[in-house]
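Per-chain residue numbering starts at 1, and chain names A, B, C and D are given in the order in which the chains are listed.
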Amino acid sequence: MRIGVLTSGGDCPGLNAVIRSVVHRAVADHGDEVIGFHDGWKGLLECDYRALDLDAVNGILARGGTILGSSRVRPEHLRGGVEQARGHVADLGLDAIIPIGGEGTLKAARLLSDAGLPIVGVPKTIDNDISSTDVTFGFDTAVMVATEALDRLKTTAESHQRVMIVEVMGRHTGWIALHAGMAAGAHAIVVPERPFDIGELTELVGKRFAAGKRFAIVVVSEGAKPREGSMEFDTGGTDVYGHERFAGVARQLSIELEQRLGKEARPVILGHVQRGGTPTAYDRVLATRFGWHAVEAAHQGRFGMMTALRGTDIVLVPLAEAVDSLKTVPVDRYLEAECVL
Amino acid sequence: MRIGVLTSGGDCPGLNAVIRSVVHRAVADHGDEVIGFHDGWKGLLECDYRALDLDAVNGILARGGTILGSSRVRPEHLRGGVEQARGHVADLGLDAIIPIGGEGTLKAARLLSDAGLPIVGVPKTIDNDISSTDVTFGFDTAVMVATEALDRLKTTAESHQRVMIVEVMGRHTGWIALHAGMAAGAHAIVVPERPFDIGELTELVGKRFAAGKRFAIVVVSEGAKPREGSMEFDTGGTDVYGHERFAGVARQLSIELEQRLGKEARPVILGHVQRGGTPTAYDRVLATRFGWHAVEAAHQGRFGMMTALRGTDIVLVPLAEAVDSLKTVPVDRYLEAECVL
Amino acid sequence: MRIGVLTSGGDCPGLNAVIRSVVHRAVADHGDEVIGFHDGWKGLLECDYRALDLDAVNGILARGGTILGSSRVRPEHLRGGVEQARGHVADLGLDAIIPIGGEGTLKAARLLSDAGLPIVGVPKTIDNDISSTDVTFGFDTAVMVATEALDRLKTTAESHQRVMIVEVMGRHTGWIALHAGMAAGAHAIVVPERPFDIGELTELVGKRFAAGKRFAIVVVSEGAKPREGSMEFDTGGTDVYGHERFAGVARQLSIELEQRLGKEARPVILGHVQRGGTPTAYDRVLATRFGWHAVEAAHQGRFGMMTALRGTDIVLVPLAEAVDSLKTVPVDRYLEAECVL
Amino acid sequence: MRIGVLTSGGDCPGLNAVIRSVVHRAVADHGDEVIGFHDGWKGLLECDYRALDLDAVNGILARGGTILGSSRVRPEHLRGGVEQARGHVADLGLDAIIPIGGEGTLKAARLLSDAGLPIVGVPKTIDNDISSTDVTFGFDTAVMVATEALDRLKTTAESHQRVMIVEVMGRHTGWIALHAGMAAGAHAIVVPERPFDIGELTELVGKRFAAGKRFAIVVVSEGAKPREGSMEFDTGGTDVYGHERFAGVARQLSIELEQRLGKEARPVILGHVQRGGTPTAYDRVLATRFGWHAVEAAHQGRFGMMTALRGTDIVLVPLAEAVDSLKTVPVDRYLEAECVL
């Protein structure tokens, strides 16, 4: 068998572990040939690739980033390139393509699959917002990095008698904020799923100081927004490419809370450290299993599918289902925890 | 409501996170009173306890160990103490007892539950061998610690051109060996579920050197044993308390492999570092959710049950089922990975 | 002997290690009594303190922050409080005061020492800018945290083909930027000691891309500023308390570099994570030695002095010298490394 | 200029950082050519090497091990090879050789230097026992790894109410034990510099239990030995190559202490994890500076010298002095700390 693999979209710890696992399973166990396309779909469209043998993936299991490079391709660009892709797949004699990527990548995968190309997807997002899998690799690493930062910030907040507003990743969903906030014992967690009321948040933090505590930690997803009319808010708008810009919610929240509480408040924006570097053991195992099962799916001819974790099992789910809807934090269920606003 | 909580058995990262979560949910949300028994079942039998208010659990979320202490009690001792326990529960006016512990603790919990005491168990084992839950807290931390050690040992093994035999925890099951081995890219993984053949193992490692590699990493569970007749083996026997002693499998394997391969081989026994210290974010979240749900179960009168993870949900399972059988590594499923012997 | 200890100024990993060491050496070895003033000089001025016995410092060696609390006191406020302080010292029967703090604290210490109070100072600053000691505790931890973040950002920068501008602490000196940048292999390091020329910096980074590299990491101290006329720059000004505000140099640099290079550039501001949390082993050892030697100095009546590291020895230097001048990065010496602008 | 570099002896975090720094300074700044000999002196004797350009050292700064490989060569073997070495140096047109290694390597370096070869040594030992430099790279990483393990073991020891005997590296000197023990707050530290009296050690630990504490941590160097007649002791002897074997001091101590104290005692042998893997920021900076200065020394023709750290400066010291005597722990100075026996 001849398999093409590519990585697309933002960086995510575990990408190299999937690539390595695909190569190990395909080459060492099945005697397949594997090639890797450079810079995501771009490599497929421009037929830019290299052979991946066992030596090529030596020592990459624990390395962050992707040895294949990545890029974002506009959907319309890919739509116009289906015939090109089909031609390159035929020319290269590929029996299967394994794209590793997030929501956009999987939508593109579905497009090509519907057009008849032999695709097995592997989901990737540090945000953990893909509904048909229990977890995606990269998420555990992001939560770990955010939790370690929160652990450090706690002693500083306490020493300085401050409110710390810590902004973590999560444009549309609050999973990283929820898990890192729970893991570090944050005093309030603000997620995009439910616009926050600045008055309620102030009250929640204020109660803590009223009870004699000297500091508070608020974790907020980058995509969180206030309830309409709750406070003035610069929504960020869109950049020149039409992508949503971040609103800088932590910065705006800290100014507002400082005034309302009469306590020093400081924003900390964790940023890209959450998506780079060596993956946790959990993410390496999950990524390795995804790669292994993607190769098996290819050998069984189960195309148009995507690997997913269900409980302790790796299963295959149709790409069509995979990208149907975002997996959001069930705010109501967590509401009683009294810290998600 | 008045709730008693205790921790029993070996150390496990996340114990304090459960205690804190029980207190937070019970005291802050339900207005309950919580007491903590000292040193496991011993505290219940001897009525040795202290009150646990919110201040008592301040700052313990990320701390290893258990603020309540722990100890091992012989089953027969507990069996003889059922009436005593019942008396103390009545005297203290307890509506629920939440024991946090491993297989032995849960068996004891079942005994007391069958005797009519209001028990909600919380499973705990770094070995991850309890069959009715997808994962137990402490396991992720143990795997992380073992993986970090393996990452470090790899460069050393390579520089010294050696075989490193790394012994990880796991008396009866190989989950830690399997996950840490996969996460670190070990070249062979030896688990208790399948007695190893020293000849096969030698061949597997030997092939690697024959292919020009300069080192190899073998991960072995402390409870692994050779196939009968495969090699001479000191099985360790039992100590003065009748507990199984470790055989020192890494040490014996390294001597044997060194002779058979003609390559320097060194044992490394990771030992207790795997079960102490701050839990990973994953374990803190799981432990926190277990504590929260144990309190809910108590309030719903669902006694004789144990918290468990199924997929992304926390569910309750009967204590009777929980301790029926060990969850073992399905060696056949992993056999094709070619590294589990 | 009766000793008072206090911590003043910003948070710094190792403060608790000094406190513990002072108490261990004084109480356990010399049979002294130790009290801790709350919230820095404020505690001395308001006679707000508590007794510190061995139990009080149990388990704090590895903990970030300070169990005594800290605050900043305006110099004029302290100057006006000298007689008050003298009175409290007499009332409490103190034979020595050990203030642990940065430049401002040591200046205050000198003031009180000149007024006749028995002071032994312990220097503290994550910035490492105190000239009379080779190193201060807290610096190694700050560098470690920044280096770990840089390690993670490198893979992300590479995957996204970006310039990352990483802002680290250092208002007046570039030690953290220099060491973290060297440790992580940054491609340019920008420090406050030498105003940068945006043209030179653009050229340096541009050469890298011209040579076929796909990313670059620039480390910049928060206090770095462009050479006059080099680029438009919002200098930050001062806040309502008259303190210097940060200019947001990484943000401004990334906008400027993006335009000049035509490459995506992103700022990452590490912020307070650099000054909180558990100290490195290095900082714990240094802090412990400082505490030990401060007690010895007190017993030898060597007041008006400060502990300092010289090579591998802890020595005492006059407070007068200690705060004479900042220790700055000798930019010329590092210039040849071609990455400090 | 044409420079040869080699790494010799046991693994040590920072070796790759030196190699990278030598190449960067020599190739990028001076326009030199650099070659790397494989497997230490062996590579020089057998003229086994490869060219090292900038690409060859890309990404190795943070990587453990050595890309050049290492091996141990017997002194007499090297002595017999001086003429061979001289020939290869001439044939290859080398103007300087930079060997990176420990005591044995530096002795060999001196031998070759005395024979007229142009040598600049770089000292390397995780044990920190080279007298003419304040610190060697690798030591900080070893101490950090040991300290993290001790941090984890503390909670386990406390939960199990045990004595933990933790064996760290250090054949002839106790620096790792001393620093890791201080950093983690060990209750006793046992070093090779002073044979321990088992009675005194038992008393020291016993006092702790008598004072109501529930656990104790003893850190012991692998090379520590009891005072003659103090207890029965298997000294380990020598292996087939005549090298000293380890006595397994932690194992023997734990058996003895368990019997004398009537408390459970357990040995933990940290082993090779202390010398592998990614270096700390401190070690990366030190290694980088050593490499940089070794190249400068070569360009200045200062042969027969070795780089060394003195305070904050890198200086050159004669190889002759460098290996004169071991730097040992000044036990008397630390005796008052009451934990070094």
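Heads up, the rule we're going with is that a residue touches a chain if its C-beta (ideal position, glycine included) is under 8 Å from a C-beta of that chain, and two chains touch if they have at least 3 such contacts.
Just so we're on the same page, UniProt names per chain: A, B, C, D = ATP-dependent 6-phosphofructokinase.
The shown structure was predicted, so the numbers you read here are calculated from the model rather than taken from an experiment.
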Hop distance check: chain A to chain D, minimum number of steps through touching chains? 2
Would you kindly tell me how far, in whole Å, the mean C-alpha position of chain D lies from that of chain C? 30
How many angstrom between the C-alpha centroids of chain D and chain B? 35
Could you tell me which residues belong to chain C and also touch two or more other chains? 151
With chains as vertices joined when they touch, what's the shape: line, ring, star, complete or other? ring
In the complex formed with chain D, which residues of chain C make contact? 20, 28-29, 61-62, 134-135, 140, 143-144, 146-147, 151, 179-180, 182-185, 280-282, 284-285, 288, 292, 310-312, 336-338
Which of the residues in chain A end up touching chain C in this complex? 10-11, 15, 63-66, 69-71, 145, 149, 151-161, 164, 214, 266, 268-269, 271-273, 275-278
